[in-house]
Amino acid sequence: MQTGAKTGPGVAPARKLQSGIVGLDVMLAGGFPEGNVVLILGEPGTGKTILCTQYLHWGALQKDEKGIFFGMNEPKARLMAEMQGLGMNLAKLEGQGKFAYVDATEVRRIPEQTRVGRIPVGGRELGLANLLDLMQEGIDKLSPKRIVVDSISDLVFRFPKLEDRRSAVLDIVESLQSTGATCLLTSELMATGDVRTLQPEEYLAEGVLLLRIVKKGVRTVQVLKMRGSKIDTMPRPFVIRENGLDILAKEEVYP
Amino acid sequence: MQTGAKTGPGVAPARKLQSGIVGLDVMLAGGFPEGNVVLILGEPGTGKTILCTQYLHWGALQKDEKGIFFGMNEPKARLMAEMQGLGMNLAKLEGQGKFAYVDATEVRRIPEQTRVGRIPVGGRELGLANLLDLMQEGIDKLSPKRIVVDSISDLVFRFPKLEDRRSAVLDIVESLQSTGATCLLTSELMATGDVRTLQPEEYLAEGVLLLRIVKKGVRTVQVLKMRGSKIDTMPRPFVIRENGLDILAKEEVYP
Amino acid sequence: MQTGAKTGPGVAPARKLQSGIVGLDVMLAGGFPEGNVVLILGEPGTGKTILCTQYLHWGALQKDEKGIFFGMNEPKARLMAEMQGLGMNLAKLEGQGKFAYVDATEVRRIPEQTRVGRIPVGGRELGLANLLDLMQEGIDKLSPKRIVVDSISDLVFRFPKLEDRRSAVLDIVESLQSTGATCLLTSELMATGDVRTLQPEEYLAEGVLLLRIVKKGVRTVQVLKMRGSKIDTMPRPFVIRENGLDILAKEEVYP
Amino acid sequence: MQTGAKTGPGVAPARKLQSGIVGLDVMLAGGFPEGNVVLILGEPGTGKTILCTQYLHWGALQKDEKGIFFGMNEPKARLMAEMQGLGMNLAKLEGQGKFAYVDATEVRRIPEQTRVGRIPVGGRELGLANLLDLMQEGIDKLSPKRIVVDSISDLVFRFPKLEDRRSAVLDIVESLQSTGATCLLTSELMATGDVRTLQPEEYLAEGVLLLRIVKKGVRTVQVLKMRGSKIDTMPRPFVIRENGLDILAKEEVYP
Amino acid sequence: MQTGAKTGPGVAPARKLQSGIVGLDVMLAGGFPEGNVVLILGEPGTGKTILCTQYLHWGALQKDEKGIFFGMNEPKARLMAEMQGLGMNLAKLEGQGKFAYVDATEVRRIPEQTRVGRIPVGGRELGLANLLDLMQEGIDKLSPKRIVVDSISDLVFRFPKLEDRRSAVLDIVESLQSTGATCLLTSELMATGDVRTLQPEEYLAEGVLLLRIVKKGVRTVQVLKMRGSKIDTMPRPFVIRENGLDILAKEEVYP
Amino acid sequence: MQTGAKTGPGVAPARKLQSGIVGLDVMLAGGFPEGNVVLILGEPGTGKTILCTQYLHWGALQKDEKGIFFGMNEPKARLMAEMQGLGMNLAKLEGQGKFAYVDATEVRRIPEQTRVGRIPVGGRELGLANLLDLMQEGIDKLSPKRIVVDSISDLVFRFPKLEDRRSAVLDIVESLQSTGATCLLTSELMATGDVRTLQPEEYLAEGVLLLRIVKKGVRTVQVLKMRGSKIDTMPRPFVIRENGLDILAKEEVYP
């Protein structure tokens, strides 16, 4: 996995890749720019995982595009059962070679401090290295067009110093950029409210979607950033229905 | 107690388990998804313990479902007396083998730094290990369908570093997930107000209920998250009556 | 002094003990549940000490109930003179054996670091141990039905780490619970404003009264929590008159 | 200088000492309770020093009451010239033995770390001890009825830990209480705005006046606390005129 | 590269250099004062890089003014592809010797701690020194009239102490000032919202543009500061169109 | 340079020194009290340097009063060019012996830790000592009536501990007070917004002007404090025109 490749895949962001979520594709003027690494930043309960799985499922089912899911939050069975409940049969797609789940939950269990031979190595650097290895391996096998990493929070929260966190996120982003695939990366918001500390991943990713819960419990999605694409920047309400996210791309949250 | 079991109980969240609190079951479209680990996050005086006990009491009395209460906040006699005052006879259910109280108050008394043989062990890790052991033991004896842990705050506040706190909560959540039971876990809010720092347990649990006191002293409950279930996400007012929580699932808090 | 006694006094919270402050008893639907440990949390100048002394004075004068005041903020003479000015003759009650003042002001003067034999002991642990000893001694002598500790702030502010503060407060609360008396514990708010950091004593006490000064200088009291009792949770205005607190239990602060 | 004397001066707060500032005496229902230690907490430019000097000047001129000014902020000549410009001839009162200025500005210059014989002593403890000595000396000479310490901020800001700051303020307050005089103590607010962190001196003093600048530059004074006295708790506007503070005790700041 | 040159280029700020972005030149009363170092401070997704590239592109194409881009955020190919999508053919200008890209992405990869001979050198100082060297080298080759550094955040975030960060920014600013070119420097905002911590680069730069996203997703640009120039200080809305930033210099954001 | 002189210059604040900025002199009821040390506290881009230079320029040109500018932010040539653009010919005044610029920019370059003989000396103490020496030297040569120090921020930000910062500011203020000149001292605000942390220099200076940018980009000046003078305390709008600051002393910012 090369970092910062100067030529190669990922440099022509004009073409669009549909997310398959109707309202979101409206907000994105057609979809994600191909090759972009997009951050899905959200509060708990805002459907980050569902959005990402819909993205993979729709691509595989409708476009025959291979997708890979690197799961750090929940084991395969639990994800598949939950998505089954939302009408997505991932097992079938897996059988057809169009979907793969890579279990990366172990990465967050790497002990704080370990030893490689006689050299002490911080668990967090190892955790990051392991994730990058797992990703490379999975990508080599499947050559996916769509990639999801859900989520990077467990990993980056191990780096409390801002400059280290930046660096860790950068490693992940550049690894993903070098694949040429269009990638979604979820991350957890650290606080609720309109005013928030900006997290380094918002600057390093090429696109940012912000998922929040506002007064009266309304869920909203806002496209804050999308390099190489016209976007609708207004926050839009959405609901989680029995078949996934339903984004009301023409409705306003604030009157 | 296995962690992160890939198959087994807890993977079919479609079936619902009634909480027995009428308004809450309305908000949850029938109840908690079976096998979910749900966080009850609330300010002091918002009835977290009452909600959890009603959940166990109703299940045992109306559905013959066994329930276990891991108590870290108050000894058995005090809990039982208080709940008796709210019309719940836990002693009777205990006699029928449908309710068990496990006294885990000692866990928060584990000294800061202790020794296992010649190895120094932080009291906090030991406290966590003790809780997990106590839980496993209690669960093995009763095979409960409903579990309550009230509360995890004493334990997790011992881990001031975010990454350690995440890890401790994860251990508890995965232990509970592996039982297949539907579990409520209480935790204390660290500040009042509409804008709040998000706590790691909100991301790690599969469901989150938020109990707050708003202007003019009105108590509110909001379902922020519930994997595998349609939910009403609006905050709803409730009162604590002589027979427990009364949630006004059709009333709005903000006009 | 046992901690966490499983049976014994304090487990039947149904009976009420009148505070003797008319408006407060209205808000509490008759008074404090017997055996409860109640936190009186307030800003400076909100009458925490007056409220507590009225509680003891009324009980002794009207109900012949013994009361004890553990004073950490001011010496006996100063308290008595001030209360005399509010129409309370504590000296007379003391002469009748119905009131006792225990001077605990020395507790906050325990040096930071001291030595017991050859073992260094932090002044703060010693301060806490001293208070617990003083309390036990006073309680053994008088067997009071009403107890006041005014205030715990000097002691708990010595524990800047949240987990240590929790533990210190827990020691005090459990000591008081084991007496069977109904106890008021004052504590200082750390900031003004509607949004506040929740302090561990709010979770550990069985009841919480919040005394604040709002816009235009209006003083308010709010019952945030009272285990085992129906309560009026709305903040109510009060004034400090020549005979103590006058709570306007039917008036609203916010229109 | 004894601390915490149980009997003696200062225990009969019913008698009032006029401040000599008309509007303030209205807010205080006649003046400061005799023997009280009152904190004058304010933003820069709100006239803390003027208020205190008016208090001393009026007492000496109108009531023949001796007053002493412990100055930590500015040398004698500067204070006297400034007050002369506001119509107060302190030099004349000094000549009559009714006013004394004690220069305590050196206290804030005590080096951070010094040595007493071979024992290292923190400069801050020494600074505090020096102030207490200076105060005792001045008080012994003049036997004042009115005392001003302007300000304690330089001293207490040397104690960044809350518990140490509390202890330092307590030493000053108790020293002043033991004199039987009525004392004003100025302190600096750490931030502007309606919501503020409460400083330990607000709890330890027997009275608190808050001086602030609100929107549109209006200066306001609010009596937050005054043990042993009925008070007007509403914030009132004031202006600094050529003869000192003019408090509009009947006007409201917020409509 | 001299720092703080007392005479020489850059001291006659009266002449203006058009940015080429119509609305911005209106706000700036003609353009940037020649020789100024201007900070472009913005949230993610506000088009900082696009603004800077438009500035270089327009100058080269319309005025035959040489421009250099020091890129720390993305490799050359990625930048060029993205800008191509916005109608800017940088490759052509590069071929004509009117545009140069200097890849400074490696600067942010300098390891935390390295050794020069036997002397340990912090990676951050080295990173800064490397950037200054790269800049000097590039400037010597091209003698540009327009310079962009995009962005300084990776570098300055390595200096968590405010005084070190100031010093690092100062080194960069003075190096750029000594060139006589008109320079844009991008930097990342650390938080959203109307109230913000001021960053040292805002004081050290001679001009500041603030790019934000406000309620409803509207992007705004505000000229906070521009030494030697009349400016329009009101925040103005802008959109990112297929040919770059379109600033609505006559429209108001707040009604 | 003596500190804290008890008699001598600077003790008769009744006389006023016109600032030469018409609106400001209206707000100050004639000008700055002679001998005062006044803090000009402001956000970036609010014209702190222009205000100070106008003060010196006007005094020299209209009143033949000598003025000295201690520059820590920009070298002489840059300042002079910028001010020339605002219609102020400082070079001419310098030639007439009525204006002097002292370059103090080197002070902020003193390395963090240096050695005087064999004694390690913190760079920050050295920086402060150097500034005081430079100031004394300049003052001895010119005997100015008007002094500007622009700005103290680089120096005081080296003292992150509040108590050290206080002490450093105090040294500068007392040095300036002892000269008898009327002095302006600029300092940088650390955050925007109506609510702010109060900085020690606001308490230590005898006057404070606050320069801010409010909603819609309006610049405002507010006189927060001015010992020995009646002031207009309302914030007033101002604009930076081609001939300097124009303060609209009769207009209100908030309707």
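Each chain carries a letter (A, B, C, D, E and F) given by its place in the written order, and its residues are counted from 1.
Assume a residue touches a chain if its C-beta (ideal position, glycine included) is under 8 Å from a C-beta of that chain, and two chains touch if they have at least 3 such contacts.
Keep in mind that what you see is a predicted model, and the values were worked out from it rather than measured.
Q: In terms of touching chains, how many steps apart are subunit C and subunit E, taking the shortest path?
A: 3
Q: Could you run down the chains that neighbour subunit E and subunit F together?
A: Where subunit E and subunit F might share a partner, there is none at all.
Q: Which is it for copies subunit A and subunit E: same residues on both faces, with over half shared, or different residues?
A: Different, since most residue numbers here occur in only one copy.
Q: Where the centres are mean C-alpha positions, what is the separation of subunit B from subunit D, in Å?
A: That gives a centre separation of 52 Å.
Q: Hey, how far is the Cα centre of subunit A from the one of subunit B, in Å?
A: Distance between chain centres: 30 Å.
Q: Do you know which subunit A residues sit against two or more other chains?
A: 195
Q: Ring chains in order, subunit E leading off, subunit F next?
A: Read from subunit E toward subunit F, the cyclic arrangement is E, F, D, C, B, A.
Q: Can you tell me which positions in subunit A touch subunit E when the two form their complex?
A: For this pair, the touching residues of subunit A are 4-8, 10-14, 161-163, 166-167, 170, 177, 194-198, 202-203, 208, 222, 224-228, 230, 232-235, 252, 254.
Q: Can you list the subunit C residues touching subunit D in their complex?
A: For this pair, the touching residues of subunit C are 43-45, 75-78, 80-82, 85, 103, 105, 108, 153-154, 157-158, 160, 188-193, 195, 213, 215-219, 240-242.
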